[in-house]
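These notes open a run of structures that come right after.
Look at the two complexes coming up: chain A is in both, with chain B in one and chain C in the other.
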Partner chain A sequence: MYDKLFPPKKILLSNGKVVHKKRSRAPFITILVAIAIYLSAYYTEFSFYTIFTRIHNFFDIIIAMMPPDWGYINHLWKPLMDTIKMSLIGSLIGAVLVLPLAVLASVNIVPNKSTAAIFKVILSLIRTLPTLVTALIATFIFGLGPIAGSIAILIFTVGYVGKLLYEQIENAEMGSFEAMESIGMTRFQAFRYAIFPQVLPSYLSTSLFCFEGNVRYAAILGFVGAGGIGLLLNQDLGWRNYSGVGMTILALVVTVFIIEQISEYFRRKLI
Partner chain B sequence: MDKLEKQLHAAPRKLTYILTITAITVMVMLWSLTAMNFKDVNSSGLGIMLNIFKGILNPDLDLLFNLTNKGVLYLLIETLAVAFLGTIVGAILSIPLAFMSASNLVPKPVSWLVRFLLIIIRTVPFIVYGLMFIRVTGPGPFAGVLTVGLISIGMLAKLYVDAIEELDTGVLESMTSIGCTTFEKIRYGILPQLLSIFTSISIYRFDMNLRDASVLGLVGAGGIGAPLIFAMQSYKWHQVGSILIGLVVLILIIEFISNKVRSKLING
Partner chain C sequence: MINFTDVGKQYPNGTKALEDINLTIEQGEFVGIIGLSGAGKSTLLRCINRMHDITEGTLIVDDVDVAKLKGKQIRHFRRGIGMIFQSFNLVTRISVLNNVLVSFVPELSFWRKITGVYTKEQKVKALDALDKVGILDKAFVRVDQLSGGQQQRVALARTLAQNPDVILADEPIASLDPVTSRQVMDDFKRINRDMDISVLLNIHHVEVALEFADRIIGIRKGKIVFDGKSKDVNQDTLDEIYGGKVEEFGTDAEEESLHV
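Up next, the complex of A and B:
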């Protein structure tokens, strides 16, 4: 299409041959991106003037956080532990629930192609919704508190681990599966002994990785009332208790760092 | 004992190992359950769930196809604009930071310092930035753009660094040997290698930013999040349904396009 609008340049080589050099797409893409930037700036009321005149407010807040209020840690333990518990339980239950879903979404295990396609669509729809929106809906159904947060994390885990798991199952080596089926094992038995041991390490590793990310997510779920440390962050930012916010963020950074180290150690062991 | 039996007994016995792991998992699970308080869960939740499903099944079509600035379409465009401009801001800011944290270009202490800064930027929840930027720009999509820009930096810069550190230096050496100037080396040796990877990473981040931008409205930073939460709090499930449908369709379309473009960028 593009080549028809802007015909390729003809170059006569010294031996009399004519070669075509396709026109660069760069100017076209640049114009497109420039238009998109202009429109976005218009819709979002972007202005450099505001940034230059008012950005000091942002740094003022950071400076106000600077010596964190160390004593504030006493208020932090319970919400911090709640955050970890929410992500633990959500990830654990989610990782278990996802197993049958991922198996049903794998084309090479399920004999019926359309069943696999339906489960793939379900998994991708689950993945689409932002976690905070799921959490918000969950607070209406399960009430305010950590249960709603755990449910949101569970749903996210199902979507994320599910996709990676069915991809791993589909890429698994099928030779032993077929051999076991041919000697009269059922499909389930063949899956249990041929495919499952193959995908187990990467499944556990993916789940652990998802858990790491979930701890970060769990920290914001409190903003919609779904339990954890987010509620405290929201309140303190509203009351301008910035030294408390500084301490909360510090505690969060340390917690996330420790959990990442532990999980990374186990993931390296698995693979 | 025949060969087969020998092989069977030779398999490592990991029973104690597996039992320990199981016991730890069960204990962790029980410990986590202590945070859960089931007394707020009651039958009214079930009714709400049914209402939500009803709302999604009969969305408020008037709101969905309304072309004014209260309609879902306008809000989706605003969300898209926040994510797009935020990604551009983040991508531009990430480039110098990425070069400053590449251990093959700058002294070790500098690169560690920048990397540490990036870890901090990544860990702070994005909603906190949103609330901070609202004090700068006032509520509205502009605060969303700055927030999305800042949160993108953490991941973009880290992935850019990986690309920079994997740069094929053989090309540069051969260019030096045929007498290219520094500018020519950057233009023909480095830029073609980095540009497609950087673009691909940025498009991936744009995909993620769209999801973040759609919830930034919760703190008043523009986009479709604010109307969503208002509709929920006033139990207008038909409106919630139409907003959710719009959002899901937009995210799926963008995911599809971004996958296409990225595979084209990587495979040429």
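Up next, the complex of A and C:
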């Protein structure tokens, strides 16, 4: 269609042969993207004017956070540790639970295609649940506090690691799997001995990366009462205790940074 | 003994991979199977250990009617048949010894299967198998550190640890250089002779097949067109197997292997 509207460019070689070069789609796509941007700004009532006139409020809050209330750190240890514990236990249990699910979702391991499809749908349904919503529901079931947060993180981990893991399993080299079957193993035994060693490093790496992200998620789960440092942030913002908020954010930034560095170090070792 | 009677194999899409296969292979024979790519050589081998199902006829291996086996019986049956592949099919991220030890997995208890902890006796058996193919010194090296020839020997050791009656080899030397190929073929010959294990191998290198195998089976379009002693193979039989594509003895057949 596009080629008919804009006929390909002809390049004549010295020996008389003609090569057709198709016209670039880039200008057409640029126009489409520009229209999409305009429409989305129009419907969301986005305005640069508001940004310019109100941005100073943002800096007012930042300035109010300076200097941070250093003494406030004594209140922070417990919720900060709760946040880390929540994400650690949630990531750990989630990463273990996801293993059988990911195997059952892999078409190359499960002989029955529809079983694999069902487990893929389950995993993608889990991924569509926003963590904040899962945490909120978990607080109704397990009560306010870190348990609800851990459950929410566990569920998110299952969805996230599950998808990446079954993709790795499906891309694994199947030659050794065939060899294991020829030795007399069942498909699941063949997975354990041929595919698992292949995907293990990337599985661990994905799980660590997910844990890194989960520490950040865990920090906001307190907003819905699921424990951790978010609870404190929510309170202090409400009380306009900005110097306390400054200290909390600083502590969070440092913690996340340290965890990221450690996790990155180990992930580099893995690959 | 392996006995094919009127065996046929049709894939679900209608392609006939094998037709009217009648064949008897005695214990301890060394058989080379030759033919063009896609002629049905791999299918023939894979029917023997039930990696593929046959759709017609009967196939008896050591008094077992292969087509009648189910689930657990198939897996038990496969324990007695070793298989070697063109691309070695080892787990490259783990050690040589661990690659050989996998052949004991079906015998392990439930917890050992999950954890992958082998008994001392099994480790000794695995090391013995490595010794038989001459790479005992590489036992604790990771497989991805080894050359192609060494990897094929690890695969051979893995198969030997199974203590099989038959070894099926699907293009075992197609990814190896001529010198290494010869060493690996020598290994096959020695194992065949010393341990009375039947060896059936698919091979593209006609001259190697004629040199090492006692018996040659030629397959063309899923049918056996030649079955006889290696020394009875001449230019006419090769023409028939390869459809007149072999003009000079061996050389073209070797080129053929490059297209795999």
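By our rule, the second predicted complex is superposed on the first by the 217 of 271 C-alpha atoms of A that agree within 3 Å, B and C clash if a C-alpha of one lies under 4 Å from a C-alpha of the other, contacts with A are read in each partner's own complex, and residues count from 1 in each chain.
Quick note on the criterion: a residue touches a chain if its C-beta (ideal position, glycine included) is under 8 Å from a C-beta of that chain, and two chains touch if they have at least 3 such contacts.
Every value quoted in this text rests on a predicted model; they were computed, and no experiment measured them.
*Asks:* Considering only touches as defined above, state whether A:194 meets chain B (first), chain C (second), both or neither.
*Replies:* Only chain C; A:194 stays clear of chain B.
*Asks:* Pick one for A:70: touches chain B only (first), chain C only (second), both, or neither.
*Replies:* In the superposition, A:70 contacts neither chain B nor chain C.
*Asks:* Per the contact definition in the header, classify A:28: touching chain B only (first), chain C only (second), both, or neither.
*Replies:* In the superposition, A:28 touches no partner, neither chain B nor chain C.
*Asks:* Identify the partner contact of A:130: answer first if only chain B is touched, second if only chain C is, both if each is, neither if none is.
*Replies:* Touch partner of A:130: chain B, not chain C.
*Asks:* In the superposed arrangement, which partner chain does A:239 touch: chain B (first), chain C (second), both, or neither?
*Replies:* In the superposition, A:239 touches no partner, neither chain B nor chain C.
*Asks:* For A:176, select first, second, both or neither according to whether it touches chain B, chain C, the two together, or no partner.
*Replies:* A:176 contacts chain C only, not chain B.
*Asks:* Is A:38 in contact with chain B, with chain C, with both, or with neither (first, second, both, neither)?
*Replies:* neither
*Asks:* According to the contact criterion defined above, which of chain B and chain C contacts more residues of chain A?
*Replies:* Counted on chain A, the partner with more touching residues turns out to be B.
*Asks:* Look at A:185 in the shared chain and tell me whether it touches chain B only, chain C only, both, or neither; answer first, second, both or neither.
*Replies:* Second partner only, chain C.
*Asks:* Overlap the chain B and chain C contact sets on chain A and report the shared residues.
*Replies:* none
*Asks:* Within their complex, state which residues of chain B touch chain A.
*Replies:* Touch residues, chain B against chain A: 25, 28-29, 31-38, 40-42, 45-46, 48-49, 52, 77-78, 80-82, 84-85, 88, 119-120, 123-128, 131-133, 135-137, 140-142, 144-146, 211-212, 214-215, 218-219, 222, 225, 228-229, 232, 244, 247-248, 251-252, 255.
*Asks:* With touch defined as at the start, can you tell me which chain A residues reach chain C in the complex?
*Replies:* Its residues touching chain C are 175-176, 178-186, 189, 192-194, 197-198, 200-201.
*Asks:* Residues of chain A touching chain B in their complex?
*Replies:* 36-37, 39-41, 43-47, 50-51, 54-55, 57-58, 61-62, 81-82, 84-86, 88-89, 92, 124-125, 128-130, 132-133, 136-137, 140-147, 150, 216, 219-220, 223-224, 227, 230, 233-234, 237-238, 245, 249, 252-253, 256-257
*Asks:* Please name which positions on chain C make contact with chain A in the complex.
*Replies:* 49, 51, 75-79, 81-83, 85, 87-91, 93-94, 102-103, 105-106, 113-114, 116, 155, 158, 162
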